[in-house]
Each structure stands twice: as C-alpha cells, then as structure tokens.
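Structure below; questions to follow.
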C-alpha cells in the first residue's frame, strides 16, 4: 500500500486516539477474490476496495458431496472456495456470531428453514459440529475478523445428560482452541448466557426438551434454576479456557408472558447473577460479565428491558460493579429508544461494555436482527465514546430469503463497511468540532460559579430563589436542533 | 336508603381491609339531580344509582351573564346548577385535577380551544381565578370527592415578576384554604412540579414566556434552573400551608428532543431533586415527594421514562428514600408497559406512592389522558397492593369534543364507577383465591430448603450443578396462562 | 335442565334475531367431566356451568404407549380421556383451527417446540396424520363445536412430488369426510390459501423446501407461481368435496421484506385471485372466497395490509364481487386499527365474510394469536352486524408455555365464553337502545331535506354556501364520548 | 462561477431527464450573506456552498419597533436583514408552507407559543396579515424557492361572518397576487382544504369557534358541512385566481375519536369530494385536486388513513380520475408504512400527485413534521418516479425550541440540501444500474411466454398445475437483500 492510504481510510489511527474517539479505528479492507460474478457486483457498486489479484491455491470444496476428510475422519476442506481473505489494516474488534451465521436456519414463526449450507449433512453429530467449527474459522479468517462468539453450548450437540452434553462440548471446544491458536490472532470474544432456549434447532431431528420455556434464572421451577446454573457454570469455564474476553447474559426468556400467572417479585434474576459473579472470581476468569438488555420477544416483558432497567436492578442488589451492559441496537429501538440513547445511557451509568451491531426495521415490532446498513445510525453509534475494552459483535442474521453462501460475506462486509464509514464520519465530526461546540455553548451558563455550586450539590432553593428574583425573566436561547442535524448530515 | 347497602357496594369495608386489599374501598354513590335530561340518560343506562329526589335550593347560576357577585366583588353563584351532591359512603382517596377540569381548553396541536365554560369571562384576572376556585370546590363537593390538586401555580395568574406571581398565588391560595376548611373534609391532595410549561394557556391573551422550553430542572440555562427552583420552593411552601399530602414532580419537559444538541450527562435532574428534598425537611413538610414517570411527549425522551428508569437515578444519587413514584396508566402504555406492570415495578421497588387513574388509546402514540373506562384494566390496577398513603388522581381530561358542563360530571362519575367496579372485582378475585393459588403453585418448588438457600443468596454454582446432575432433566409444568385469564375474566 | 335456561343464556334466540343482532347466538354450555382436578378448578372460578355427572364409558386412552389400534392398523382410541362432551344449546358457528390446535408445536423464533401431545409419535406418517384427524374430531365433538378448518394440506404429509402429496392428501381427506359424516353435524368450515409457507413443521424430521419464501401468488419465480396454483387448485377441490363453506386466502408471505429488491407493481396478487375465482366457478364450488388482511409479519409488508387495502385491489381489478374478507382481530391491531374498526370497514364495503376470533397483546408488535379473553373487545366485535353466512374461527393458539392437554379445552372454552358474553352484552346494548339513540341524535341534522339532497349527491357548493351564509355560525354539540363509553361499560 | 458547476451539482439536467428520474433536479445553491455569525456557522460545517460577498443594500429591518411603513400605512421593511438571496441554478418545485413558517407558534399540547418573530405585533389585524405576507415573499425570494402555499384562509384574519371573512381574505389575496407577480417567477403552489381546524391561533386574542371539531366534510352537523363547503368554495376560487397548481384536501379532523358515538357509514367524505370536483370544473380551475392521507392525530382514526385507503374510497365512489394523492412522509410512517412504500403505492395506483417532504421521529407516535434531514430517506423518496406535475412542499416546522429567525433559513436550507443530495444519489443509482438489474433479474422468469400469459390473465389453474407437475420442485433464488442494501448505501 506504500504511502497511499486506501480511499476512505482516516489518516492516522494515533490521531484518532488523541481525539478520544472510541479506542478502535478501521480502514477499508483490501479484497482479493476469484469469483468473477461476485467481483463484478462489488466493482459495479463502486465501493472503495482495492482488489489484489493474487489467486488462492486450489482447495477441496467443503460440499458434503465432496470428500475432503482426512484419514482421521475429520473434515478439512475449504468451505468458502473462491473467496480469498479480505484484509483489514486495522480493526474494530469485530466479532462474528456463530449462532446466526452457522446455526441460523432461516426458520421463522411462519416458515421452515431456508438455509442449507453445502457443508451441512443434516445431522447434529459431533463430526458435523467439528466441520462447522472449521467453517467458522475459515469464515472469520477470510473476512479478516479476529473474534467470534457462540451461544450456550450451541457449538456442540446436546447429550442426554449434563455429563454427556459437557463431554460433547469439551470435544468441540478442544478443536476451537486448536483452531484459534492456529489462525492467530483469532481470539475468542463473547459467550452468551447459558440460560437461553435452544432456539437454533435448525433441521435437526432431535428436539431438546423445553426446559427453559419459563426462563432459566427466573424459572419458577427449582430444577430448571439448578440446571441453568450448571449450564452457565460449564460455559463460563469454557469461556475462561478459550481466553474469552466477555461473557454475556442474554435473557431472552427471563421475563413473563402474563402478570396474572407471575410473581414478579419472586422472579428475581439477581440470585443467579450474584452466584455467577462469585463463580467468575473463584475460577479466576478476568473477562467482563455483561447483561444484554432486551425489552420483549419472545416474552411480553423481559426483566432487563433496557439499559436503565438493568442498571436499576444491578444497583438494587449491589451488582453494579460486577456487570456491564452489551447494548444491541435492535433491542434499543424495540424498547422505544434510539440505539444512540441506549449507548449514552449505558455510558453515563458507567456500564457500556460491548455493542451488538445490528439494526431493526423501523416499521416492525419484533427483533429482525438485520445487519446495520445505515451510515447515519452507524455514525451516531460511533459518536458514543467510552467503549472499552469491548467491541462490535455482528449479532445479525441474513434475511431468511438470502440463501447463497456469498450472502454471508456480502452481509458481513456491508456491515463492516457501514460501521467503518460511521467511524470516519464520527472522526470528521469530532475533528471539525462544530457539533461539540454547539453543545458546549448550550450549557455554558453552568460553567460559572453558581453552576459549579449547583453541580456540587451546594446550591439550595433559597440561594436559587434569591438569584432568580435578582435576574428576572431568564433569556432562553434557540436549541439549534436543525443546525445540529445539518452539521451531522453534512459529515455523512 | 335505610339499612340497605346501595347496589354494587361490597359489604364490609373492614372486611376488605382484612383481605389486604389496598386500603381504600368504595360503594356506588347515591345521586340526586334535577336535570331531567341527564337523569333520564343515566337511568336509561341502568347504572346502579339510587336517585334521591330532594331538590337543591335555588341558587344564582354562575354564568358570566348573571350577576352573582357579592358586595365584595367576589363571585358566589352556583356553577353547576341542577346538579346536586353525589354521595359516597366511602371513598378511594379520589382527587380532581384542577388543570384538566378547570384549565383545560380543548386545544390540541391542530385545533383551538373548544371549552367555554359559562363561568369563564375570557380574562386571566385574579377575580376570574377566584371564581374558578369556587367552581372547583362546588364541583368536588357535588361529586363527593374530597381531594383536589393543581399544577404549578395554575390556580392564579402569572405576574410580571416572581414576587408579583407569588402575590397573586397567595391571594388565590388564601381563598382555597378558606374554601377547603368550609367544605370539610375537602383536603388538598397533590401539587405538581413547578417545572412545568404553562400549557393551559387557553383563551388567555397574555402569553407566558417560554422559559421552560428546554426543561426546568434540566434546562441548560442557569437562570431557568434558578427560576424553576424559586417556583418549586414557593409551590412547596403553599402545599405545606394547604395541608397537602403529596408533592409531585411532573417532568414533562425534563428530557431532550435530540441527542445531537444535548449533554445528557450534564442534564442531571438530581441536583434539583436533592435540593427539593432538603427544602422539604427544612420547612417541615411531611407529605410525600413523588416522581411521575413519563416516557416521551412533548419531548422525544424524558429522563424519567418509566418506573425502573426513575428508580435507577434515585438509587444512583442516594435519593431512593426521599421519593416515591406517581404511576400514570397512560404513561405506562406509552413506555411500552402495561399499567399493571408499572404498578408492580413501583411496588417491588418500594416506590408505589400514588396513581394517576387515566388511560390511553391502545392504537395511538400520544398521551390521550382519557378517563379509565375499562373495567378489566381497573381490576388489574386494583390487584396491585401496597398503595399507601396515596390515592387515585383523575389526571384525565374530557375529550376535546365533549363540551357540555354535564360531561365533566359524566366523565368523573364513569371514571369513579369503573375504579369502584375494579375494586369489587379485585376483592372478588382475592376472596376467591384461585388466582393466588395458581401463582403460588407455580413457584412452590422454591418453598424448599434449596429454594430458601437460593433466595438467601447461599446456593453457589457448584451446589446447583450437583443437584442438577442428580435430578436429571427437570420437569416443567404448564404455565396455565389461559386458565389464569379465564379466572380473571370470570370475576369481571 | 327442564325449562330453565342455563344461567347466562339470553332468552330467546328468535328474539335476538328480531333485534337484528348478527345471525348467531349462544347459551352457556353444559359440561360434564370426570377429571376431578379440572372440575374443581372450573367450579372454583364460579363460571356458569351446569355439570352433569354422567360418566363417559371406559375407552382406550390415545397415548402412544397404549395400543388402541384396530386390526386395520388405524388408531381408534380416545384422545381426551376424562373429558366428556361439552354441550351447547345453540351455537355461533365456531370453528376449531386444526393448524394451531393440532399442528402448532410451541416453537417460536427463539425456542424449540414445547407441545408433545400424547397421541403424537414423532413421525410425519400417513398413519400419524389419520390419528391426528381422529383427535380433531373427538376434540370438536367434546367441545360442542361443529366446524373445523385446516391450512393448505397440513392435515396430510407432503410427498416428494405434487402427485404424491395429493395422494396423501386424498387419503386423509377421505377419513375426514367419513368422520365428519359420522359425527354429524360436524361440518367443514374454512380452508386456507395453499400459498402458505409450511410453518407448522413441528418436530418433524423431513423439512419442506422453502418454495414459498418469496411468496406464492406474488413470488418472482414463475415455477413457484405455478406450484402455488396447483396447490390451491387441489385444496379448492378438496374443500368442495368436503362441503366447505369458506375458502380463505391467507397471504402471509405475499409481501416484501425490502422495496429495494422488489417490483411491487409486478408483484400483483390479482392474476392469481382472478384464476382462483374462475376455477371456483368451473368446479361449481359455492362457498365464499375470502381474503384475510394481514399487515406484516413474517414480511415487512403484506399486500393485503388491512380491509381498506384489500378492498382497493379488489375494486381495482374488478374482483369486488368475487371475494369477501376474513377479519382477524390480531391483524387489525397490528395494522394500527381496532378490531371493531376493521369489522366496520369490511361491513361498510360489503365485504364482511368471516371473523378470526383471536386477540393480540396491546404492548407487543407481532402476531400473538391469543384466545380472545376480553369481554369488552368481544362486545365490540359482536356489535358489528352484517356477518353472514360466516362465523367465528378460533385462529388462536395456546401460549407456548401452556402444555397440558386440558389447556386446549380451557382456552377454547374461555374463548367461547368470552364471545358468548360479548354477544349477550351486545344484545343488551341493542335492546336498551341508548347507544344507538346517542348516535342517531348526533347525525339527526342530516335527516332533513338538505341532508337528503347532500346524501343523494345533489347539493352543490353554491347551494351550500347560500345556506351557510343564511345560517351563520353553526352550533356544534358535544360529542358525548364519555357518556357513550359509560353506556358501553355499563352493559358489560 | 463561469463554467464551473457548483460542487455537488449533477452535471446535465437533460441527462437526468433521459434517465427518467423524476422531472426535477437541483444544484447546490450559492449563498451570499452579511451575517457574520451565521456565515461562520455555515462555513464551519463545511457545506458545499459558494459564498458571494456582494452586500445587500441597506434596508429598514422589519422589527415592530422600527417604522418601515410607507405613507399608505403598509409595511415595507426588510424582514430578514442580513440574509441575502440564496441562489439555485435549478429547482425541484420546492414550496414553502405558510402555515408552519409564518403561522406556527411553537405551541404544543403541553406548552405555550415560543416563536415571537420580530415582525409580529401580537394582533390578528389585516395590517399584520399583509406585513406577514410580505415577509413570506421576502423569505421565499431569499431562499430561492418559487412556490408557496397556505392553509384554508390562514393568510387573513377571520371575520364574524362568512362575508366578512371572505372580504378580509380577498384583501390579503390581492396583495399576494401583486407580490407574486412582482417577485417573478414566484408561483402559487398548493392550497389546503378549508375543512381544517383553526389550529394556528398562536398568540391571538380572538379565538375561533370550534366549528370543525367533529370534522368539516364529515361533521354530523349539517350546518358545519355547509359552512365547510362555503369555505372550500371560496378557497378554490382564490386558488384559481392566484394561478394555483394544486388544491389539497387535508382532512385532519375527518375521522373519529370513538366508534361508539360514530356512524362511520354515514360519515362519508365522498359527497363533499364530488361537489368539490364539480365546482372545480364549473370555475375552470385546471390545477390538481389532491387528498393528503393521514392516519390519526388529532383524531384516533382519519378516513384517509393511507394511500390504499384513499384509493379505495376514490374508486368506490367513482372519483379515481378526479383526485390524486399528496403523500406526506411523516403520515406514511404513522400509518405503519415507510415513506417509500406510500409513494410507490400512490404511483402504482396512478395517484402520485405531490409530496410533503418532511419526516417523523422513528420513536415517537405523533406527527412531528420535522424537516427531512436523512439523506438515505431522501434518496428513497427520489427513487420513486412518476411525480408530475407536483413537487416538494416543506410541510415541516421548526422544532418548538428553535426560536431564531435564522433557524427558519437553516431548516429550509438543510431540507433542500438533503433532498438535493437524495436526488443526486438516486441519479447515481439509476446511472449505475446495479439495483435495477438486481430487481429485473429477480423477476425475469416472468419474461417468458407463460409469464406473459399470466400477466395477461390467461393462465388458468389447470394449465398452471400441468406446468407445476412437469417442472417439479421449483428452484428459488436468494433475494439478495443485503446486496441491494449494500448497493443502496454505497450510493449515499
């Protein structure tokens, strides 16, 4: 790249850091590929990609009709033939979500699965789980992302007992450990809650029992509570073993369908969270524990509705220093807030731990988990500072109707581009300073002696009344919202 | 009526108390009236009213074309001629909201005022303010309600300075004090925030300056903050003087329209709340300070979005013991929750202080402040216990198109009836016990030794895993939601 | 029961008809049952049921561990042992939805199936399909309902080709035909579109291909369009053969996910509807063809969003006399309307053909398909007249967490009760006449010569201006909304 | 500027026309101004403006404390001193909405007016009306827009009778006529319904009677219907006289608050629309009559909910050729649709007449009427073709808290820029062709003989079944939604 920054690359990561932008930055990636059709599409849309033409070596395509297995019976073919590695010069701690990308089936409440990836054999065997894990590593390698994450123990098949499930889990984890060390620097990133319903059953003939249908940590059934604890315990150990940086509690069923049959006071999520924090310390796991607020769906209400709600119960039960929040943009809008609002709320409460970079449809009332494609929204996300040491997890899934293997790449690349453009825009806005200045000026009357007294909690009503009478009718300036919006849009 | 309880009256208030229903109860009221048309309407709908035919004495109708003023220039006519007192045998601490009932004009974003009450003369004079206060007391007297409340200083005209405004205020307050002692046992109930925009300008020719357009306690203008403090200080003194039981902070503008021009961290509502709590102690006011959560409208976001959000900032700033919450049903649904949910959330957080008994339209996205007319909703409201010492404030307004004086009575009576029916239904459900039993059974596995350990925070993951392995796959019972709903509906 | 009407039964069906209530009516049913637990629950909630204690004869319970099959290999046990027939004296043309009740699995976007009915053997065989059909007939027999309906060909397993699927279909249809003649007067009621995604795959190991993922009648793939036509053709023939009264087009996928990849103009649903109407005539099917408006979910937008939208395309393409509408309450609220509004809109457009009696959750943005349990809502539904010859289809499903066989009965019984109470309330309101009178009076100024001219389209602007000038400022009466609401609530 | 196109100007308007982009185009405007503060703000945000420094001649500032009136008593000062004309090289038929810009007061349901423009004297006199009209013309002149529009007769004060109101109206219209001829080529653009509530009463002491509170054309009061007819008649005459191009029916109150007191069948809007169409022909007015769909607010439901609903009643009553639609983006989203969807629906129904270029807040449920600032949304708007001969009306208002005169300019300029950028992006997408190609390919199987038969209504079910059996399981391609979104975003 000698000297020439790729088009669209903010010059100087260090510079960005000085500006106190969030601690990540990105340049547009270089891409090389053989697939002529795909290449032309990408070229035709004039994205800022520098194509390097070095061809990848021939490999065995990982279609189940091919035979790429080695003597050991393990599959070692190439899952994404024709797609080379897409290089980044720098990164935003992106993470690929195993559950959407490799366990999502396209099923929805009205329809059956639509994804039949060529490497899947229709079984839920251990061998299939390992092959899928290899596909995962090839995928993130080629995408140039170096983090990944999974749900519960969805990387391995369930067994009939906890012990059997754990054994299966261990076997796949061992492979993941090996692969993530081989494909350095791919690091394990986040690992959700363990109290999640087995929702990604795909086209699998064995159906798990609905043990978490009333929740896990908030189930009214004692046995389920214990089971969930055992599951999280194991998952946390595995996270620790794999060098995980985060452990996320996604409480999709931790809520109620109807208050009529619920004792909300007794459905406390906090005993479980206390025990989890204690166990983390016991095993010496140093990653961050995260709550992922989610307002509703699949239940009518979930106990961690939004950032403020989660902050409240963390404070109430003395857990405010043990957990941070994983803000998901689609969850934000479902709770009636903008994603920007939830990020700011988390930040102000000292709880911004990680971001699930997805988006919803503004006209639909459920979790669509789309890839974030709106540059304006991405810019707002990037304007929120204070994210450390978290990153951006692609908790996003292909539309049910997007069924080509290349769609997996297109979606992730477009999502990465959108966030990268968001970051550049945020950097531009911060460098320009107009927006910050507009805000600073609005509040400048508080940069005074009385303002300082107020903010120190030392201005009582009598003093304030005295001042108010002395000053008479206060002058109130224009809020300049349209100007702020104009400045913002001009940076896009 | 000798001896016979009116139809619809739960027998035995004491009995209700024993059942630990909320500490209020109600019987259907007896009504006597002259207005033949009104009477027939009421009769024709077969409500459970006992009409007593004693005619009211002739009075001077308080139409501005009449001259009912005494020598002192004060108006002393009858504002609601033809409508006698509507008697209750007992009460639910109902309160009439002066702002909706006497200052609401029917104006909306697309239309001008529609209410031209006969006693209004089109001015905003002190004399008019006093006449209006007399109307208020006649209204609550006839309605059989013995609490009332007002917003800010909306019972008196603004002056040009704080001192002048306070003097006007004092003059009307003196009349209110006199009237509420005369019309024993009318007691003053709640008094909102003082940081409220002057929204009920009606057909008044003097327009107040938009001093609170960016908020009061969260305004970025220091002078506005001081002005709001002075206003709340005075309002709190008046509340204390009048024997008020509550002082509510309604933060309709305490929020933002756009995060682009807002420093949410600096817009902290808490310095103000701290100063208010301190001033309360200083003057010896013993009423309850209340926050009224409100999600949006008129701003995009308000800082006290819902009960959990308010609980969070109260905890964060050490104010959790200084404030309680005033839950409004219409605000609940706008924040994405049912009213029942917000009440339960407040109760579980120890914050249920008072209820604004209104409702919204399930298909509209703004605050319609309708009178609660749904018996099912009222029953759910009444099922929530723990409300003490608060009551039910009719923070509800006539539809813009309801323009008859008698509509004021119809709406309040229907609202009272609905809540009374809700209470009877709740009592029936509690007496019957089926619903409680259904819930108790769902959670009974926690009524065990291990359950007790868990709820005491003493069951760690290792113990739980051991149990889970020992027990195997947990049994999960049906949630019986349809049965719970059937039981609930059968009580209506 | 000699002579005495059951409690809660409106006296005189004929009388109701005279009042021009919708042409159905209902009395509370008599119930007899052995299940002590169930019985006590029902008794304890004081519903108006008369229990007849006659015990049912011993039968073979249709649990797959029992062996109730006859020599022919067909299963002939009792699926709901301990539950006797629940008698109605009259009926509302209720219909049980096979898809929810017998093919619903409890799966949702985040979770696996939860329903494992004892008669299911985990296969998707023809034998299983027949056993399920027997369960269906026992269910509706015991429930006292005499209509049922199914989706597409979901009563039979798919084959590998259209011919094979049709053969399977025919075999199960033959059994249904036999059963519905045996269990007289069970009549076949409605049969949906055939262009539906196979959404009720349950815990079946064979996954159907996602042929309808882009829609059926509006698929951009010609082959899918043809396939959908073949499927609807067959389904319509079967409907005709079974004596079906309705044939409903449920277009759950007939919409788009994004306008960016859609040619909405070319995605016309109307060619298909024209061909369907023509085929109906060709085979001499006399039932009603119905469109079921549905706003969104699973797609972002469906082409038959609401009643007015469907009316528009029916008019545009000259199909207004060929189709009627099947209004679903939950779809109504998702499209931003009340169910009452959609029913009235359909009625005024001459299109009210049938009702899917379910309800949604007012705080959730997706199709929850709950049993209608709100008596107020049911009363509004019943106030809409003009429904002929349609009826009420229980397009409602048990909550995912309701997993007992008896829950199927509880939910249907509660739904029937709710609608029955709604009907009684509607009858009461109509008999009382106050509400009709209130409305009539509001519009009475149009009952004049000029009003008649206007409504005949003969009053031009010049005449109207002349009158307006002559009359001066018009008087505008109160809308009396609170009174209307009070009257309505008083009837519940 | 000799030869050099301003930055951001698409080269070649003719070229755009060839591409069949909507028939308008725009270049970024050149701006010259004296206001140093304003200038710096604009410069600092790096917008693509070429500043020409020619100073405007000294003028009399139109502050009411100045005396700029001529001998005739008419005010002839400069209302926007320091702001020069902002030049466009081309235009998009932009129109300024008099009601928001000159009659909007900033009042909202919770607050009093906030706008006190310097030229307003607090009266509602004819002199004030004329001065305001001069301000309007100076504003559009300086903005470089050459269309404007008003509501009802809101450019003139109401009188006590229709005749008096008409006389006032005529006097202001005469001035407008004169001014629009002087300020050539300022042309009159649209003129709304006349059946609108007087919602912009601002700080005016005379309150109009609430004659339209139950609607105008759908009022249950005959006198109101006649009055509305007289008002629309006059407004239509004035529109014709001023050379208006559009006459819009905005039916903000043409709906209901509750179905309980409404006879929706009798509340037909169509008699009125028929009479209006007849009167249009009678007076020889050649402009377009337009319906502006609006879902709710201020009423619960309006009869012209969305484009499809309006199309339905226009078809039902034979008015489909007499009216077109004025699509407002904020109304679109309130009805549950994207703006793009409503535009496409109108286009496909042959009804796209004009666009109200505003936007709403995605998290609020009421009509915020914000200036469209989202380039993505603007691009989608511009992708819809078929808009002729309409244009873009800024039916948008300053935020209540934006109170500087310059905010009026900032908001309009930012709105114009956004739409201009949208147009350039749309042109880029059309030129590039990738998106069109993607869509074309999705539907190409219909570009066959059978496809043609289907689209001609000639393929019956038997033929289709034969084909389906012949072809076997259809192949279903990926929908490529993420790729479509990626292409779209890459053009922004």
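All chains are identified by letter, namely A, B, C and D, in their written order; residue positions are counted from 1 within each chain.
Following the convention adopted for this analysis, a residue touches a chain if its C-beta (ideal position, glycine included) is under 8 Å from a C-beta of that chain, and two chains touch if they have at least 3 such contacts.
Every value quoted in this text rests on a predicted model; they were computed, and no experiment measured them.
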### Message
Quick check for you: after a Cα superposition of chain B on chain C, what is the rotation angle, between 0 and 180°, in steps of 5?
### Response
180
### Task
For A-C, find its twin among B-D, B-C or C-D: the pair where over half of the contact pairs carry the same residue numbers.
B-D
## Note on the structure
Between A-D and A-B, more contacting C-beta pairs sit at A-B
### Message
For chain A versus chain B, what separation do you get between their C-alpha means, in angstrom?
### Response
41
### Summary
Residues in chain A with touches to at least two other chains are numbered 210, 213-214, 257-258, 296, 301, 336-338, 363, 399, 401, 403, 476-477, 479-481, 485, 487-488
### Message
Can you tell me which positions in chain C touch chain B when the two form their complex?
### Response
41, 44-47, 333, 336-338, 362-363, 371, 373-376, 398-399, 401-404, 407, 410-411, 413-414, 417-418, 432-434, 476-483, 485-492
### Task
Under the touch definition given earlier, write down the residues of chain A that touch chain B in their complex.
161-163, 209-211, 213-214, 219-227, 229-230, 232-234, 257-266, 268, 271, 274-276, 278-279, 295-296, 301, 305-306, 308-309, 311-313, 315-316, 335-338, 340-341, 344-345, 348-349, 380, 435, 438-439, 442-443, 445-446, 448, 450-451, 454-455, 457, 459-462, 464-465, 467-469, 471-477, 479-481, 484-485, 487-488
### Message
Under the definition above, what is the set of chain A residues touching chain C in their complex?
### Response
106-114, 196-199, 201, 203, 205, 207-208, 210, 212-214, 252-253, 257-258, 296-298, 300-301, 334, 361, 363-367, 399-401, 403
